[in-house]
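Naming follows writing order (A, B, C and D), and every chain is counted from residue 1.
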Amino acid sequence: MIPLLSVCDLRVGFGRNPEANEVVRSVSFDLADGETLAIVGESGSGKSVTALSINRLVDFGGGRITGGSIKLRRTDNSIFDLTTAAEPQLTKIRGAEIGMIFQEPMTSLNPVLTIGTQIEESFRLHRGLTGRQATAAAKDALDRVRIPDAARRLKYTPNQLSGGMLQRVMIAIALACNPRLLIADEPTTALDVTVQAQIMALLAELKRETGMSMIFITHDIGLVAGIADKILVMQGGEAVEQGELNQILDNPQHPYTKHLLHAVPHFASGRATRADGRRESDRSTEPALKVDGLVVRFPVKSGLFGRATGAVHAVDGVDFDLMPGETLAIVGESGSGKSTTARAVLGLVRSTRGTFSARIRKTAAGQGALPVQMVFQNPYASLNPRLSIASILAEPVIANGGHVNAETRAKMTTLLKRVGLPENSLERYPHEFSGGQRQRLCIARALMLNPSVVVLDEAVSALDVSVQARVLELLVDLQREFGLAYLFISHDMAVVERIAHRIAVIYAGQIVEIGDATSVLSQPKHPYTKKLIAAVPTIDRRHERFELDTRQVPSLVRPLGFEPSPAKWDEFGPDHKVRVEA
Amino acid sequence: MNYLMRRLATFPLVLIGVSIVVFVAIRMVPGDSITAMLGTEAGLLTPQQRDALAAYFGIDQPWFIQYWHWLLGLLQGNFGISSTYGKPVLGVILERFPLTLELALLSMIIALVVGMPAGVFAATHNEKLSDLGVRMIAMIGQSTPNFVLALLIIYTLSAGFGVLPAMGEFSPLWQDPLRNLGQLLLPAVTLGFAFAASVTRISRSAMLDVLSDDYVRTARSKGASARSVIWRHALPNALIPVVTLSGIEFGYLLGGAVIVEQIYALPGLGRMVLDAILQRDYALVQGSVLFIALNFMVVNLLVDLTYVALDPRIRLREH
Amino acid sequence: MRIFRGVFAHTSGRIGGAIVALYLLLAFLGMLGLTPHNPLMQYRIDRLHAPDGAYWMGTDLFGRDVASRLMTGIGQSFTVAFFSVAFAALAGTVLGLAAAWFGRRWDGILMRIMDVLLAFPAILLALLIIAVAGPGTWTSIVAIAIVYTPIFTRVVRGPALSLKAREFVDAARTFGSSPTYILTRHLLLNLVAPLTVQVTLALAWALLTEAGLSFLGLGTQPPAASLGLMLSDSRNLMETAPWLMIFPGVTIMISILGFNLLGDALRDILDPRMRRSIA
Amino acid sequence: MVQHLSKKLLSGMMLAAMLGIAAVPVQADATTLHMAWSQDATGLDPHKQTAFSSLRLLELIYEPLVRLDASLQIVPAIADSWQFSPDGKELTFKLNPKAKFQNGAAVTSADVKASFERILDEKTGAAARANFLSIASIDTPDPATVVFHLSQPDAPILTAMSDVNAAIVPASEITAGSIGTATVGSGPFKLEKWDPNSKEVLVANKDWAGGATGVDGIEISVLPDETAILAAMRTKQIDFALLNDPLVATLVPKEASLQLNRVPVLAYHVLQLNPSRKPMTELKVRQAISCAIDRQEVLDTASLGEGKVTGPLTIPALATDPSQLFCYKRDVEKAKQLMTEAGYPDGFSATVIGATGEPPTAAAEAQVIQSQLAEIGVKLDIRMMELNVYVDAWLKGDFDMAIALNGGRADPYTMYNRYWTKTGNLQKVANYIDDTLDSLMQKGRTETDPAARKAIFSDFEKHITEMSPWIWLYTSYSYTAQQKNVGGFEPVPTGSLFSLAKVTIQ
């Protein structure tokens, strides 16, 4: 049987001189009908460019195919080389025979057109449907991706739908004309983990329904375990290894594949938690940070004079304590209030109620110390691009009345070395560093003031997986060395498993489960925790079927004066308690 | 709705600010209605004569009392009486306004009809020779002072072809459409030239931005043709900056195009205000500046409302 | 330095930069008095002399050398443009930063005041200011500066608001950095790029405005030359001595062209949005 | 589709425009004179308006008792005849019985009396009142006779009465308080419509005592840019135009179909020194300035030679040959000498003010003078101001020097008493007076013998140019441009357009 798609010695370059500037070098693979190929790699590996070359969208991004062939077997069984096709032919193939979905559902749909119009367009272009017929077809397409109330949603514009919904719409568009090949370029990366599980489930189901082939591009090798038949691993523009799913996962040959599988955090249901620095049971030491009844509310204003008519209960009664040398991970999905909690601890948002106490530790004379410091999610946004590294590191010292003297400079150099950055970094600017390096800079900056607590707000989420692993290692080392307490905010269970001693699961502004990391991860008690953990993709759970669940996160807007009922807790074991739902 | 109400609520505030500024400023300018009428002959007046004239022009009291009276009148819809026209200010303004409005509209139509396709064309031929050509013309358009263009047009037409648009009296559109268009076309072209150039430049850069957006890639992945991608998917998204620019420019044009009106001898708002200032027709200056400011604010509000119509993502909020 | 290299690598940046540099050179020579003739000298027997070897661009009504006057005129026009834009940028930056930083009520009050200025027809605002203060170079500068201040205020306020929400500002707050430090190092330093672009484009507009004011007799005072004044003085001599209009007209057009090209280039180089799409 | 549509729309608009343009020159109504000027009248009250354009407009609507002809001789208007009593203290007018107001009522002696009483009433605010202060009382023995009783002999009063500022308005309109809003005159044209700064429509007054007018009406358009006026005349949109700027006026003769009318006017271009300010307090400094200025060159440069160097007296019958006046031939050496003698061998700095566009040559004159005075070390700073700002400073005497175009009168006393008498209203502007000037002016006022008057004023002229409080420069022309098929226009030195009443279009 001739494969549906046969890519042979594909080379793609960019710029004025594409031959000299190749980002994909000699990639070959075959894809049979109904097969799913996962292309796995980190940023810059050329995986997306490879995908975009297949339907030649790479042309519009300034790329050019400099060699090789991409042969598509068309519906009439003729073989068609996409690398040499002219644009008019390509427009007939795109959408009709090759569908594609992208990473960012929020930006991939035209913001000014209704989703109905955007779905109908596919039918109009390839099926010649117009008017009511097209609308009916669009409604069917939405039904197919399990969007409830499809007829009404057709009139929505993208801004009225959540990310998960939008990705379903994207899938509906891509599959509208039943293409035999679907290219999914990191379709779940921008989504919450439970939503990701939904989308994965949907893709798997649709694939079964239609028998289409799929190319699934991802940086997360754990994610493809549930859906792929074959895996192609890319690094630096080359395909370093490819083969059957089980073969790659169980018996990787290439060192990079091994690295991806072993060095990178994968969720292991509590089996990979830290063994060191467990909380002692006697509780004699004073906590590094204690948060009591933290409440953060944002007024909702309306009316001509902007009177508050309600409040968003972003954080609604959160208590926890954090011992020196301990990591408390706060996990939850977007909108759960985990970042607001962190920001409230730092005083970046004004807390409505609640108390904090943080232990100030003794420091060298002349150097002030703020007990709590923070490392932010986006290493590209948290360093002022116009300041040199020296100025950036000096800022906390200056802010606390210190001076940039020899001592400070010495400290900078030491810290830079300690976080693994070259010594000449001081005179350089942030843009000269990679994402991982920048995050190391942020960590160094946070340590300039000898804090006792470091708040890490999704501190590794924006990094490539292998970089993530190394930064996590660094964090663990630093924690041991300086006795730091970490408040680790994350949505990523795999990462949390590697660093947390304790975990607090936050949902709708409230902690629903808190306790020892191993205990919480291996024996989740609260339904939400269970759901969250069930949604985490793991290498262990191959070809597992996910349940589709279209429930939405409840609204956090409450009427004025609303107070939640006080929490009741069930204790499970020495350090594991779960909120009792009313 | 709430947003609209709140925006409208700031109007009186800004208008009071504008009126106080203009009220004080025009009175700070040396010379008054009397010297404006009599010139150096004003020196022949006896003090009693001066007082009588000051009372006649209503400038015999401190400015804040004058302002108070004027404000009270305004609340009753009375903008005062123009000293040069001897007629109610509002009537004078409304008589001049159709021309200014029509001229502004015509210029904007010319600018959009010429500028948008040119900008889209340049964006889709990015960095090719034709793009450079369009950009060069647009640059020249933006760089030509409009009085130079106006004088050149008039000179070329009258000396070279012996024709010229009718000058002086303005024929309203509803009375004599042909004559009206004949009168306004050249001034509109004069104003529209630089306007079109700005529109070209901004629609080009907006298109370039939009063409690299994700949803354009999505449209292409659906198999949409190049034309459909440009006109159906990209252009509506590129309109916001064009609307912003056109709105601002239109808002300014509604304030009258002093120099072009002067050269083409069009009795528009701009010249009226200029003359009113030169003749120290205080009531007319105050009334018309207020009117122009109100227009400007209304146009700005309309621009904001247009955003909402164009882009469902935009919610009306303060700022 | 990076900017210079960037401009040099950019086609329209090269052209624009070359034009602006040439004009600055001419203006500089004019200021040093290195002009073909004395720009104020009235060669009475050579009034309205057509361009030739002695007077490259002819002479004006007074028998003054147009080429020499253009050289000093460029200096004058650029002075007005530079200072007015500098003042407007300075005032706009301070006000825009203040509005963004203090937010709420102050933001409201400041922006309403800017609305008042914006709602005023620009040329009338300039006219009133000049009428009150009397015409002259400095009055023109102040008038144009006041007209442009609200524009700069808006240009600064928007990005300042978004910078204020950026993580490095949050980070600075967590260290307890002083407002002054945050305003100068974190906000202002990052506003340099959009401001540079806006300044360049505003310079072009200021040149046009100066010309417009001179046309109404409110700009530069005789016998000093400015491009706008020369142009407006030429209008009644357009037929008798066309060179009086052509040379200043072309000079002003090319100078504005230069600033626009340079501004475009700077936007391409400095605008992070553009850079992202290139990267 | 969009491109296609826009192309169609554009070509449609172009067509419309061309039609609109082409339709204009074809004027169906041949007996309407299409006239243009760059500055419009500023108001309609003949007793109050003093602006040049206002006077030119009102002259066509209102009539004074007498008027001046082209040689500045007094000729009848509303009055048929007039007579001074032997002691010069009584002036009697006989009114033209045919004279009628445009409301149909006859012009009677009561109207004359009411009009002059209005002018003299301080509440009116009539600037011309200053010229009529010698009127003690007015008698109206019968409807056709008016007798003015004067407190002292006043020869110039008759000339003053020829001004439209002394126009006769209906007594009924005065009572009604509608002067300035309704225009009811007795002149050749009725004002049908006035759209300030845009357009006036005048129609012939069939009842005019002066007979039938040459055209049925005049439409005056305000075209603020004189280049545009010329352009409009080229395309025959405009038949007749008033021009101010000699740079534009001199282009008219180059057009085959156009004719330029020019006449020397009474108004004079002058550099006013302020003798109350140092160092202009020094006679020698003022004289040095006078000697350092080449008046002919100012004229040649600023006005392209369009005009005539003049002394203080611009009335042809009284004027002295300028070459006999003090330092009318440039003498830089003498000027430097005078400066040294005055104690300013290195010169001094001063500011000269001028009004933008009023006259259009002001800035040019200032620049030439600046360049000339630089030769004796006087550094002039030019400040051009908006007209009103200028007037304000001028009236306050707040200037070192001022470039001015001052209006002339047909009588030297009326023209100069405001400046050069001790009680002159504008003494504070002139800031210079001496006994010789004052007594010469007073003598000139009461003297009725023309030859004796000429001698008096000749002395006045010589003395004042020697004292040099002001530097008189030149008189220019008043320009009107017309299509060659317009006939019968007679330009007069006062700038009056009254002869438009008899203009015809062939």
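In this section, a residue touches a chain if its C-beta (ideal position, glycine included) is under 8 Å from a C-beta of that chain, and two chains touch if they have at least 3 such contacts.
Given the structure is predicted, the values throughout are model-derived calculations rather than measurements.
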item: Subunit B and subunit A - chains in contact with each; value: C
item: Relative to subunit B, chain with the most remote C-alpha centre; value: A
item: Winner on C-beta contact pairs when A-C is weighed against B-C; value: B-C
item: Subunit A and subunit C, separation of their C-alpha mean positions in angstrom; value: 47
item: Distance between chain centroids, defined by C-alpha means - subunit B, subunit C (Å); value: 22
item: Subunit C-subunit D separation of Cα centroids, rounded to whole Å; value: 42
item: Centre distance in Å when subunit A and subunit D are each reduced to the mean of their C-alpha atoms; value: 85
item: Subunit B: positions in contact with at least two other chains; value: 29-30, 151, 155, 159, 212
item: Interface hub residues of subunit D, defined as touching at least two other chains; value: 225, 227, 386, 389
item: Listing of all chain pairs that touch each other, if any do; value: A-B, A-C, B-C, B-D, C-D
item: Residues of subunit C defined as touching subunit A within the complex; value: 166-168, 170-178, 181, 185-186, 189-190, 192
item: Partner subunit A, residues of subunit B touching it in the complex; value: 2, 5-6, 9, 211-226, 233, 236-237, 310-313
item: Parts of subunit C lying in touch with subunit B, wherever the complex brings them together; value: 12, 107, 111-113, 115-116, 118-124, 127-129, 131-132, 161, 204, 208, 211-212, 215-216, 228, 231-232, 235, 238-239, 245, 249, 252-257, 260-261, 273, 277
item: Interfacial residue positions of subunit B with respect to subunit D in the complex; value: 29-32, 34-46, 48-50, 52-53, 56, 83-86, 95, 113, 117, 151, 154-155, 157-159, 162-170, 177-183, 185-186, 231, 262-265, 267, 271-272, 275, 278-280
item: Subunit A to subunit C touching residues, read off their complex; value: 343, 346-348, 370, 372-374, 376-378, 381-387, 391, 395-396, 398-400, 442, 445, 449
